[in-house]
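Below are two complexes that have chain A in common, paired first with chain B and then with chain C.
Right after this comes the complex of A and B.
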């Protein structure tokens, strides 16, 4: 697989504080990477650096472009949704289409029009007249009609209802994703995109604390509903997360052999959300 | 940069500020066209009755006969220049106010509503964006107002043409010579040509407002004037404290932005080239220092848009 994004030692300082600290990432064609972290972890700053929207230290290579010096050329092949609420309110949908066709060499206006035709959004409508869900659909129509190799999404479904969120990701897979492209998405709602991610990176205080493909990560982490009598024995295996609720103790183990865990209780594959909580609260255990 | 990106970016600015770009000049033009008609309606009786009441010794046709006899006089050049100037002045005054508003808002509004994140996610360079906004505010916006003024003038000229035909056919009074001696088309043309030196003269102000629009997080209008006031107050304090002769900065500012009677009189010696006087006066105000300062402000605006985090 061709590597489309390479990030080495990416650092972004705000005074003394490092918002992004020595991040290394590589995203290949066909990968959908979820960049997951709590508020203020540095997700948006990281994406802004990738897009050349903020200054940074380190090296970033996207499709052979340096985002610092070749941002405009790079954006011909890189599409970006910063936030659902960033489409200009005064603009009409038809004007957005005309503008995109005028400034973006890889924008296919008829593809965007076809997408919008399936919705109940009139091209004569102004953005400010549309509901939040409709604005997302317009933004998605504009982005999906770009023949981009890299798509970067920063909390794209923030504040949307569950139906619109699901619709968003299903359109993303159906109308954009191919094996030649890659997607990076940041989100808080990891459980909703878990099934579409090929890779996940957890970011905490500006540093990547875990970066694995989702298949391997589920083999590596095990969630055990520990029997009461085996709790002490389980603690010796150093779980990264432990939770006792209504008499049931569950523990998350990292890299412990299945044979060692089988005697402790019922073993299940954790969700990415379980692993995220476990990794983020590791020191609490 | 390609031509399609440039024209689309200009179109975008016009869409965004359509109300002030299109509707405002149209409203002023309508008022200027309707005002004389309303004036006539408000005067008791017809225009000729009004004229004859004020000039009891002269008949209506006699008046136009007298005009026809002196229609090649240079005086008509001055009259037509005054007429076209009076017609253009309201458009240009409002255009200037609108320009100031546009420059203060053009880079501030997109940050306030976060749409800057959308614009910057597209392959349009920051240089093109800043350049287009400067071009639109400095040339295209006043161009819309000049176009509206020109169309209004053309409407008056059509009425004047019809009047000339009526006088020639109905009353055997030929006023065709007035068209030549009034140089009205030349006055119209120079009003357009004045735009370029006017832009260069005002460029430091435009560039400063764009920088403020890019720099300020809140209240860009206050940011535009408060630093200038503070600098002038500090200078006034220093001048007062050290008993210096005069305020240099205040003098420079007032000198740069004011047009004195001397400036005008210096060029006002020939009635036949009166339409060139504004251009000569305005051109005399352009300075290398002003252009250099503008370039610094514009570069700072570009740098902030390219390097500042907008999230």
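Right after this comes the complex of A and C.
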């Protein structure tokens, strides 16, 4: 698999504070990477650096382009949906398509129209008349028509209801994704897209604290419902997270052999959300 | 529709098993096409690599075959083959533990057959 995105030592300072602190990341063709972190962890700043929307230190290479100096050329093959609606409210949908056809060399207008025909959005509508869910679909139509190789989504489903969220990802998988492309997505609804992701990166205070493919992560992390008598023994294996409720202690282990854990209690595989909470809170137990 | 997946088994294995069961139960007929990877990805909200992996296993075991440009099709004779394969799995893997449980509980063939009638 070829690397489409390579980031090394990416740092972004806001005054004294580093919003992004020495981030290294690489995304290959076919990957759908979830960038997950609490509010203010640096996700958006990170994505903005990738898109050349903000200045930064370090090296970023997207499809061989430098976002700082080759942004226009890069945007022929890179698309982006931000968490804030950026389509002008006064525009009609048809005008948005015409505008894109005028400014973007790879824009295939009939492809966008084809997609919109499948929705209940009229091209005659103005953006301000559309619901949030419909605006996201217009965004999707624009992106599908560009046929970008790299797609960056910053909280694309924020504020959408669950039906529209699912629909969004269905369209993404059915109409956009191929194994030659890659997608980076940030979201707080991690449990909804956990099976869509091929890879996940957790970001905390500007640093990537975990980056792993979603299959391997299931082998690495194990959740154990620890028997009362084994608690001391379990603590020696250094769980990264421990939670006691009603006489039941659950511990999350990172990279501990299955054999060592099996004597402690019942082992299960955690969800990505379990792992996220565990890694983020990392209590001294 | 989304599926409820078991957290402790890789999803591609569960998907593989699902296709095998569907063939066995006759929901996917011999000569019929499997839904496309894209289609399954969108419906089940799974990443396409997971589905490709399950489909690759089915191809490797020659349960389905690729027809150029058209997709994957269930090969003839597969329903019978799945039946004998699943029977074999049941008899060698599940049945011994069921049998030992029956023996532990000192259940006679008669007990088992009578109860079966009441529960169904």
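A few comments on the model shown:
Just so it is clear, the second predicted complex is superposed on the first by the 280 of 285 C-alpha atoms of A that agree within 3 Å, B and C clash if a C-alpha of one lies under 4 Å from a C-alpha of the other, contacts with A are read in each partner's own complex, and residues count from 1 in each chain.
In the analysis below, a contact is a pair of C-beta atoms (placed from the backbone, for glycine too) under 8 Å apart; a residue touches a chain by one contact, two chains touch by 3 or more.
Computed from a predicted model, the values in this text were never measured in an experiment.
Superposition of the two structures on chain A shows chain C fitting alongside chain B with no clash. Applying the stated contact rule after C-alpha superposition, one finds that A:193 touches chain C and leaves chain B untouched. Of the two partner chains, neither chain B nor chain C is touched by A:230. Using the contact criterion defined above for the overlaid structures, shared-chain residue A:179 touches chain C, although it does not reach chain B. Touch criterion met: A:88 reaches chain B, while chain C stays clear of it.
After overlaying the two complexes on the shared chain, residue contacts for A:54 are found with chain B alone; chain C is out of touch. By the touch criterion defined above, A:104 lies against chain B but remains apart from chain C after alignment on the C-alpha atoms of chain A. Once the two structures are overlaid, the count of chain A residues touched is higher for B than for its counterpart among chain B and chain C.
For the three-chain overlay built from the shared chain A, the minimum Cα spacing from chain B to chain C equals 26 Å.
Across the complex, chain C is touched by residues 30, 32, 166, 169-171, 173-174, 177, 179, 192-193, 195-198, 214-215, 218, 268-271 of chain A.
Within the complex formed with chain B, the residues of chain A that make contact are 44, 48, 51, 53-55, 71-76, 79-83, 85-92, 95, 98-105. On the chain B side of its complex with chain A, the touching residues are 4-5, 7-9, 11-12, 15-16, 110, 113-125, 307, 309-311.
Those residues of chain C that touch chain A in the complex are listed here as 2, 5, 7-8, 10-11, 38-39, 41-50.
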